[in-house]
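Two complexes follow with chain A in common, the first pairing it with chain B and the second with chain C.
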Partner chain A sequence: MISKLFQRNETYLFFVIMAFSFFVTVMNPSFLTVENMFDLVKSSSGMAILAIAFFVGLLSRGIDISFPAIAIAGQYIAVNALIAMGVDSLPLAFLISCAVGTAMGATNAFFISSFRMQALIVTLGTSNIFHGALLVFVGTRAINTGKLPHCFKAFGHMNVLTLARPDGTLYGLSVFAVLLLFVIILTWFILNHTLLGKSIYAVGGNYESAKRAGFNIKRTLFFVYGYIGFLSGIMGVMHLSLIRYSNPNYIVDTELLRVIAAVVIGGARITGGSGTLTGTLLGVIMMVILEKNLVLIGLSSYWHQFFIGLVIVLGVSITYYQSKRQNRRNLLFTD
Partner chain B sequence: MCQGVLSLLIMEKIGGGTLVPFLEAEKISKAFDGVQALDNVSISIDAGAIHCFVGENGSGKSTLIKIIGGILRPDTGQMRINGRPFTPGRAIESIRQGIQIIYQDLALFPNLTVAENISLNQLIEKRNKLVSRKKLIQTAKKALAEIEEECDLFEKVENLSMSKRQVVAITRALTQNARLIIMDEPTSAITKAEVDHLFSVITRLKQKGIATLFVSHKLGEIFEIAENVSIIRDGVKVGDYKAEALDDRKLTFLMTGQEIVSKPYLPKGNGPSQSHLLELTNLTRKGHYQNVNLFVNQGDILGITGLIGSGRTELALSLFGLNRPDSGEIILEGKPVSIRSSREAVRLGVGYLPEDRLLQGLAIEKSIGDNILATIVGKVLTRLRLISGEQRKRIESKWIKDLDIKTPSPAMPASSLSGGNQQRVVLAKWLATDLKLFILDGPTIGIDIASKNNIHHIIRDFAHRGVGVIMISDEIPEVLQHCNRVIVMREGRIEAEIEDVQGVSEEYIFDLAAAKKVGQGM
Partner chain C sequence: MIGEARIVKLDNLTLLVIMVGTILAMSIFLPERFLTVTNFQSMSSQFPEYGLFAMAIMLTMITGGIDLSVVSVANLSGVAGALVLASHVKAQAMGISPGTIIFLAILAALVVSLICGWFNGLLITAVGVPAIIATLGTNGLFMGIAIILTEGHGIRGFPEEFLFIGSGTILGIPMPLIIFIGVALLVSLMLKKSAQGFKMYMLGSSPLVTRFSGISNNRVIVKTYLMSGLLAGIAAIIIISRVNSMRPGYGYAYLLLAVLLAILGGTNPEGGRGGVLGLCMAIVILQVLQSGLNILSFSPFLKKFIWGLILILFMVVNYYQTNGWPMRNLVRGGVKTGAS
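And now, the complex of A and B:
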């Protein structure tokens, strides 16, 4: 049992996170406080949801890089629609954002499943189409806090758990945590307890076999990319509520590589079919801690980019090295 | 369901019983783009029978299987199951009638567990939405118990051996109430011991009343397992036979339409004065092989046989620079060498034909010409280091002609060739270089008889030209027929070295490899 645990990537990642947290705490005791943890959860929930979306795509052997474009499209369309209609309703915002996301995901799925194209290539194109269309048809102007419907601000401030600091002021755990938890449980349930979930693994493991076994591959792919779009839609609204500002150029540039880095360091195989939800979440934690504490080690925030790239290359290398070692053990000498 | 019903039709019977066969296919014809793949082929499989379907590559076996499996539709002809008409339009209709096809690639999901692989198909068929882990495990356990097999249910299939994967595929077939399991060349990728295991599984299936249609072109296996044999050649059925009524020569003749006799191999100018081309002294790699001492002379074909795990492949890889030995010496042409990479091996004149030609021997998506040129690309360069088109053409067409590679053009991808032709491309690749030592690991695995014969001739030509050949093979008859010296390995050690293969029996070698008691008589 224990030895099996040590064969898993997640175990190592867990220990790395522990060691790193310990190191950071020594340098800065305020790191390991409940308040800081709550803050981290709030600011990184959105990224975690995107990571889960990307991970589900990878499982089916598809690298979908359109999620940042979808997230911003969902967000910007939702906020503009709410302002135009003069409605101040959070559920409606989620509904619009998620609907936009799902529809865009379905567009991806259409091209990927109909012509059996590489998801990476398809989404490289569609993400530009989505974002370009957003700027052309919906607008380019940022919506600042003043014009923002109240519901977003309220959502951003809503806590599910409130604690008091020694001086009597309050802090709390954001409602984002609940949303994230909901997405985790939903994804976990789909992947492990539904035939649909197994069909995602099956398609990612062996496309031909999945077809012969009688899985409805088209439906599976529509679900996968629709789900990625749906989750991106959720993230769009969360992101807006967090920063209380909607700029149609946000997310697109910033989130893509962070998310890929997190999923890859979490041990999911970039070529698909393999990986765990736990690993993905640990990967997100790893990335967040790393980014937040670069300054602490005395490095400027310009190092972010450097480190994200490093993590991707490192993560992929580790996974490949492991499978190469496995091959060697089976006397396979292909590279 | 109604297996006892008497047929009103007059049927061509193999056995002469009175029961309706489980499956009858009658006068099936199928053409692709004007090429007649099947021409009036009939086959009849009794419930619970072990039926072999034999024919060379391209003889139409796979087409018939696909028709039975509902993947292709016949142009003419009909099928019956238990005497009732059966016209499958989709794969699932055949599956519902109890027909399960296990393709060569097994169609498993490497990234899922054994339990999931076994049980998922059943869930799809039942159109379940949810997956209960407990039920998955139960189903898998039950199906495994049915054929008295054991397997770690939680292991991912990618970590299993080939033969275990086969067990998983067969077990999966059982979960869908299989009455007939069609196995498409199941033994092409497994070793002798694993074949024996597979056969015991097939026998257990028979006891359950499940018929097996075993597609193969390996003679030894056919005689070991089959009750009935149907032979097909060039899309036309040659006939149905009881296995007892056939022998090697007759079956070979019926399959290929030609008599294939092979004389034992004797090296030219076999003088004792020769200095050894290759000599290994106390070569050891821990966990792989220990204290290997052997030599190869020019013109030798040294056979190495042994079970999987005997260290034969590991040793071969060491000679090609891929699996470095811990200690001992490799002496090539009198000089000790250390071969640290495959590139170095090639430079020293060592060639290696890997067991898995698809994965390691060929660039399968590249053209045949590119593959042939791969090892000698340096020789066709012009002064500007560009590839000379004229030279290239000359070399390509020379080898395609010399080795009788059947292709319309060297520009076709290697994947378009049959197994035998692919292997010839791999051989051409090495023939084009100046080899001193050629190591072949399972050179005829998965290749049909006529091509096999051809490949053996090519190997002999190598040896006659003075190349030292090491041929590793599972098939003891192959080693005895085509090698002048044989080494038997077991558990990483050389168990026996046979200098003169004349009169040595297959059983004797097999017993050595499997470490059974061997009499001192030889």
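And now, the complex of A and C:
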């Protein structure tokens, strides 16, 4: 039991996180406080949801890089629609954003499944199509806090748990945590307790075998990319509520790389339906803690991009080197 | 083999038709602004940069991989070259001639690009990381190093003579174009006539077969990524000379364009197929279209949209060319049922 635990990537990651948290707490005692933890959860739950989306794509052996474009499209279309209709309703915003996201995801799935194209190349194309279309047909102007419907601001401030500081002021756990928990449980349930989840693993593991075993590949891929779009839609609204500002030009490559970094250090592999949700979440935690404390290690903000790149390269190197050694031991020629 | 050769020829023929078609259309509809020497000069000093990126990606795609780090490699080598160049005032005070500085700068840029390529190759072969994810990671890594080296600022102040590479002309032909044609000929020669080229196509078609034919897959792959890095380094030299400064983050949009061009030029992203001729025609088509969109003053967002659309469309066309068009099958099927 114990030895099995130590064969897992997640175990090592967990210990690294523990050791690093300990180090950070010694350097800066305010790190390990409930308030700081609540803050971290609030600011990183959007990233965690994107990481889960990217992870589901990887499981099916697809690299979907269109999620930042989808998230911004869902967000911007939703907020514009709300302003145009004069409605101030958060559920409607989620509905629009997720519908837009799912539709865009389905577009990806159509090309990937019908023409057996590489997901990366398709999504490289579609993310430009989505983002270009958003800027041409919807608008390029940013929406400021003043114009923003009230529901977003209220959502950003909503807490599910409120605690008091020693001086009597209040702080709390954001409602984002509930949303994230909902996404985690939903994804966990789909992946581990439904046939659909098994078919995602099967398609990622071996396309031909999955096909011959009778899995409906087209339906599986439509679900995978639709789900990625759906989660990106949720993230779009969350991000808007967090920063209270919607700028359609705001699609940063670093967001993409951060998410990929988190997922790959979580141990998910592109070559086969491997990896766990736990690993992905640990990867996100690792990434967030490291990033927040870069300055503490003595690195200026110029190091940020380098650092993310380094984490990706190291993360994938460890993961793939292990499987390479294992394959060689089993005389498997994967080349 | 025969069938394969036929397909490649067909692809190039399609490209030729499209190329002639776009040039004719532009000449007919926008003669007074398209058919000018200035326009041709500006076009042919623009495309060599991303053309070289596309060629680098094509090489890696032929072996069944992909190099997503080309733009970052160019940024890092550009920074290396620019750092050497920017020291020219100090160096001249010490008695070093501008020629030496320029030579050292070019050397620095090319060496850095080779190191980057070698690093990519090593990650893919020795560590066993799939090219797609390895180069996605190094893409961030190399750009990150470039940002650290410059602290996010641009580097300027190059010797006058260096600018000739990016903006000079010989007999009215822009230097970038001359460099591009030279590189394209060399790469074409390498692909068609050298053992490395042959091995690259074979490796892309079936890595398992080359492995058991006694070819060292790893060596072929490392050499491919070295070349891809070198091409990015050459692009970097052209870029810093043309822009006359270096700022990390330059040319991020080129990545999409380069992948688009590689695929448009008939390269199979699964490996085993692709060539310089097809790529060059694709570059001409795209550059002519680009110049048309510029003349009609389309917004950059619309261009982004159009490039994405063309990429997807071409993948669909490619798919049907290799797997048969659905309508033709329908007709054939119809004839069959009619006969029986």
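Just so it is clear, the second predicted complex is superposed on the first by the 326 of 335 C-alpha atoms of A that agree within 3 Å, B and C clash if a C-alpha of one lies under 4 Å from a C-alpha of the other, contacts with A are read in each partner's own complex, and residues count from 1 in each chain.
Assume contacts are C-beta pairs under 8 Å (C-beta built on N, C-alpha and C of every residue); 3 or more make two chains touch, one makes a residue touch a chain.
None of the values given here were measured: they were computed from a predicted structure.
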Just from the overlay, do chain B and chain C fit on chain A, or is there a clash?
clash
Just chain B (first), just chain C (second), both, or neither: which does A:A133 touch?
second
Should A:F215 be classified as contacting the first partner (chain B), the second (chain C), both, or neither?
first
Applying the touch criterion given at the start, work out whether A:I312 contacts chain B, chain C, both or neither, answering first, second, both or neither.
second
Given the superposition on chain A, which partner contacts more residues in chain A: chain B or chain C?
C
Is A:L148 contacted by the first partner chain B, the second partner chain C, both or neither?
neither
Which holds for A:A93: it touches chain B only (first), chain C only (second), both, or neither?
neither
Per the contact definition in the header, classify A:V56: touching chain B only (first), chain C only (second), both, or neither.
neither
Kindly list the residues of chain A that each of chain B and chain C touches, one partner per complex.
333
Going by the contact rule at the top, pick out the chain C residues touching chain A in the complex.
66, 123, 127-130, 132-134, 136-145, 147-148, 151-152, 207-208, 211, 217, 252, 255-256, 259-260, 263, 269-270, 299, 301-309, 311-312, 315-316, 319
Where on chain A is chain B touching in the complex?
192-198, 201-202, 204-206, 208-210, 212-215, 273-274, 326, 331-334
Contacts from chain A onto chain C in the complex sit at residues 63, 111, 115-118, 120-122, 124-133, 135-136, 140, 253, 257, 260-261, 264, 270-271, 302-310, 312-313, 315-317, 320-321, 323-324, 333, 335
Can you name the residues of chain B that touch chain A in the complex?
91-92, 95, 103, 105, 107-112, 116, 120-121, 123-125, 128-133, 159, 313-314, 317, 322-323, 342, 356, 359-360
